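Per-chain numbering from 1; labels A, B, C and D assigned in written order.
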Amino acid sequence: MSLLKIQDLKVYFNARGKTVKANNSIDLEIRENEILGLIGETGCGKSILGRAIVGLLPDNVKIGGKIVYRSEDILNLSENGLRKIRGKNIGIILQNPSAALNPVLSIGNQISEIYRYHENMGKKEARIRTAKMLEMVGIDPKRMHEYPHQFSGGMKQRVMIAMGLALNPGLLIADEPTKGLDPTTKDKIIDLICELVINKNMSLLLITHDIGVAEKMCDRIAVMYAGEIIEIATIKNILSNPQHPYTQDLLNSLPKKGLNQTAGESPSLSSPPAGCRFHPRCRCIIGKCLKTHPQLMETEKGTSVRCFLYGNN
Amino acid sequence: MKILNNEINILKEAGNNRMAAIGGAIVIMLTLIAILASLLSPHDPFEQKLENRLLNPCFEYPFGTDDLGRCIFSRLIFGTRYSLAIGVTVVGITALVGTSLGIVSGYSRGIIDEIIMRIVDIVLAFPGIILALVIAGILGPSFLNVVIALSLTHWPAYTRLVRGLTLTLREMDFIEGAKALRASNIYIMRRHILPNCINPIIVLATLDIAHAIIFATALSFLGLGIQPPTPEWGSMLKAGIPYFRISPHLTFFPGTAIMVTVLAFNFLGDGLRDMIDPKINENILVSE
Amino acid sequence: MLKYILKRIFLVFFVVIGVTIVTFSTMHLAPGDPAEVIAVARYGDDLTQEQIDWVRVTEGFDSPVYIQYLKWIKHVMHFDLGRSLVTSHDILEEITIRLPATFKLAVLSLVISLCIAVPVGIVSAVKKNTVIDHLCMSAALLGVSTPNFWLGLLLIWLFSLTLNLLPSYGYGNFEHLVLPAITLGTSMAAITTRLTRSSMLDVLNQEYILTAKAKGLDEKTILLRHVLKNAMLPVITFAGLQIGFLLGGTVIVETIFAWPGIGKLLVDSIYARDFAMVQGCVLFIGILFAFTNLLVDITYAFLDPRIRYENT
Amino acid sequence: MTLLSIKNLKKYYFCGLFNKKEIRAVDGVDLEIKSGRTLGLVGNSGCGKTTVAKIILRLIEPTDGRIIFKEKDITKLRGRELKNLGQEMQIIFQNPETSLNPRMKIYDAILEPLRIHKLCSTDKEYEKILKLIEIVNLNQELLFRYPHELSGGQLQRVVIARILSLNPKFIVADEVTSMLDPLVQAQILNLMKDLQEKLGISYLFISHDMDVVEWMSDEIAVMDEGKIVDWK
């Protein structure tokens, strides 16, 4: 059964006269206790999709379409309704841990306030739950009274994870959880998230530009380019036989695959190219690509691609 | 996501350049009044007609006359010259001195930085107008002494602001890159650090002109600034106090003139600040 | 944390020495020969050259400047600021008599300023770009642009001349304190409101507020637990600094309202060219201000955990 | 022929209340870089690799040890020779966004090195800059824009063009692509490899990503806690 279904989601901003189409009719489904990876380059709108799900977008935004969480459309929930879901049903780990923690509150308080607010728990009981949570993410509970500036980058990331998982949400969204960490801490964080997600049988939406991390964690991968999803497939299919030319180039650009380069730059969201967004940089371009905009078509079981090479959409 | 943040920030502050426009318009109007003072004023500001003394505002004298029968309207117009002149000269000197000291102390970080910052602390140890008051009092009342008094006490605001900016700029890679090119320190300060400080300095200078005008009129109000008969708003205000009960307009018009001028510069400064650099807030400006 | 406080204490000591040097040197800036000024004050105008020379020797004006400075400092150490040139009363005594008047005015003005500024600043930040916000901000802008000496005159004209509810000058019961305190308090409130609002807006844009929302907390909890705690730090530091500005502000307000405080003493002694008294007042205010700054720094260190638990 | 070698390089920092606590950022490092070749330097963050790089470029003074560049000891170089050294050795930083002066147009940024060393008369500047941007395949239209209008990859190319204007023999690349997306990283690394073949530049390539270093370098030194622990 699908935990979260995103249907034709459109997220538009108007900035300096131009409308920025950050998310352009996105269809995506996250199943029960599955890890879905959302991969894309900087500025392709993947973080915005993550924040749109929990309604954390700035107020000058126009949102269309539906986001159904267990048969309840989140987008037309009232602010109170949405607030009930955040943290309880859908947790989110924001991108930059060193700025995302309140510098004047101890990390213990910042976690226990979730328990005291959502389940109006007593102070003592909340403290016990917080200690248990800190232990689970590998932080010594005795450091509960310390402040964010006394923790290293990796440790702050663990505090964010503890905050996201405090109320055992059904779905966890992790936005670039390993960015800026050195290799050893990165592996530790990856193992921690996988272990927690599996034994709490939750689903995880992992947002990252680092394919190596996605390989180690995800069951399924969705590749995003210029505000829209261009390929969805299981990790095995994506690695063994990527279909969309962009996914192929992305995988070939990995150091392991010889850093083969692709010309051009990723387009700006405010003035994307006509027709298929990737046509200016595509190797196997055909006439149709320049004018018409391809739809996301399902080719084999569970794999869908947005390209004219496959199926005659 | 980075691209989006930039665009949102710019959008948010677009509304405030209306403020800068209004402030700018009034400032330009005031400068024109100052320049064309002799053309605009209906009477000679120094000519005393004792027979029509303390007249209320009427057709002949739009703002009435003062205790010596001089036309207040004309004196106010000429007064613009002094206020703007003091504001601009004081800010010109303090911005120059303060900025260069700020860059040098921020960039060199060694003993020089310690010395400059200790001098700043000492000058700032005297709150607000006290030091300026004493210096003006001792040197004796005159235009030049007011400028000296205010300049000696106003420069630390710039030094603090610019030093803060230089400290952050100094850590950026493009300064290390310039050093790797073996560019001289002076070149780096002139070509890399100064251009990145110009905008915040402009904002601070605009707000500081407003500040300097208030301080200058305050000194004249206390009789330590520009002395009568020169038509300076502060001294006109002071001259109007003995006649406060019977003809309050003697104090009302100079007071409004000061407020309007200061308001204009504050408007301009606020508008510029929101457009350029919202980080400069009262803390740095008023702490001197 | 200890390192931070030790550094601040050393700095204050250094600043106080600086204050004494500046005060001493401003006196030497005065035109004319100090010995002659004292001689005139003591013996009247028609005096002979010997009297001036005798004064110069006894007062030690002939020795090099730094010796005079050291001698003066020795006196200051024993709380002896010397005698007024005009009334030849003891300077420190004159100041201490007037201290309560200035203190009362400063404290009441500070209370008025904070009681207006903090709530208004918070409300206009939370309700950004609404009618309330524009209203408060234009009032604050007007407040900042209105020189407090003119504001004082306006208040006198309104309250004591036209409505004559309150006395326009003098010192006595609470009634006399109202107008000066309002004048000083409101001009301070204008500056503090603008600072509170920009500090609040700054915190509202931080990422940890987004995290708080992501945890599902409601507006009120976020405002109290996260926003206020961070936003009030710069406001408290500025409130401390304000005590110093009030000392500066009193100079003008006390002159308008004939309020017998240190500010008025300073202005009157400048008129009377009584440089010894001026020197005493300036020294007193400078040192008082330096110590209030130290107090503010230390309280700030306790409030901000980033300094309290500073570890490399 | 070895272009550059370091002998027993040390850099100690002193901190704590009375500068008693001693931190050995670089503790006796020996390196050798042959001309036209790339030496990779790998290690976790905080192991001192950037400090070594900055010492070689004389941006930081070493506590001990010697730097030999083209058989000349440059550890204590001063004045004119030090300035000429600036033409021979250069550095590319990790974050492209802070590597260029935000107030300087791209055109001036690329020409700045030539203007500092006065190597090119103003009339020949335009022709020189066209050649430079052609090498790093940037299009002309970007020349009159400001750094904040360019993407990470484009900025890094501007930095490379700017350094090439002095045709240096040795470039330090300090985690050059760790902030860039995969595709852009591939473009920049391939560009650097071509430059090495065409212009015979040698690199000290610093990174914490082992695969990237293996692809780029001929020899690799692994650093930990200020010392070289492994050599491939």
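Keep in mind that, in the parts below, a contact is a pair of C-beta atoms (placed from the backbone, for glycine too) under 8 Å apart; a residue touches a chain by one contact, two chains touch by 3 or more.
None of these values were measured; they are calculated from a predicted model.
Enquirer: Quick one: which pair of chains has the most contacts?
Expert: By contact count, the leading interface is B-C.
Enquirer: Based on mean C-alpha positions, which chain is nearest the centroid of every protein C-alpha shown?
Expert: The chain sitting closest to the overall C-alpha centre is B.
Enquirer: Just the number, please: Cα centre separation of chain A and chain B in whole Å.
Expert: 51
Enquirer: Compute the distance, rounded to whole Å, between the mean C-alpha positions of chain B and chain D.
Expert: Averaging C-alpha atoms per chain gives centres 46 Å apart.
Enquirer: Suppose each chain is reduced to the average of its Cα coordinates; what separation in Å results between chain A and chain D?
Expert: About 34 Å, centre to centre.
Enquirer: So which stretches of chain B touch two or more other chains?
Expert: Chain B, residues with two or more chain partners: not present.
Enquirer: Send over the residues of chain C in touch with two or more other chains.
Expert: Residues: none.
Enquirer: For chain D, which residues are shared contacts with two or more other chains?
Expert: Within chain D, no residue contacts more than one other chain.
Enquirer: Under the touch definition given earlier, write down the residues of chain C that touch chain B in their complex.
Expert: Chain C reaches chain B through residues 11, 14-16, 18-19, 21-22, 26-27, 29-31, 129, 141-142, 144-147, 149-150, 153-154, 156-157, 161, 191-192, 194-195, 198-199, 202, 234, 237-238, 241, 244-249, 251-252, 255, 266-267, 270-271, 275, 278, 282, 285-286, 289-290, 293.
Enquirer: In the complex of these two chains, what residues of chain B are touching chain C?
Expert: Listed in rising order, the residues are 15, 118-119, 121-123, 125-131, 133-135, 137-140, 210, 214, 217-218, 221-224, 237, 241, 244-245, 248, 251, 255, 258-259, 262-263, 266-267, 270, 278, 281-283, 286-287.
Enquirer: How about chain D: which of its residues touch chain A in the complex?
Expert: The contact residues of chain D facing chain A are 44-45, 151-154, 181-187, 189-190, 208-212, 214-215.
Enquirer: Taking the touch rule as given, give the residues of chain D at its contact with chain B in the complex, in rising order.
Expert: Against chain B, the touching part of chain D is residues 54, 57, 59, 82-83, 85-86, 89-91, 93-95, 98-104, 112-113, 116-117, 148, 159, 166.
Enquirer: For chain C, which residues are in contact with chain A within the complex?
Expert: 206-208, 210-218, 221, 225-226, 229-230, 233, 304-306, 309, 311
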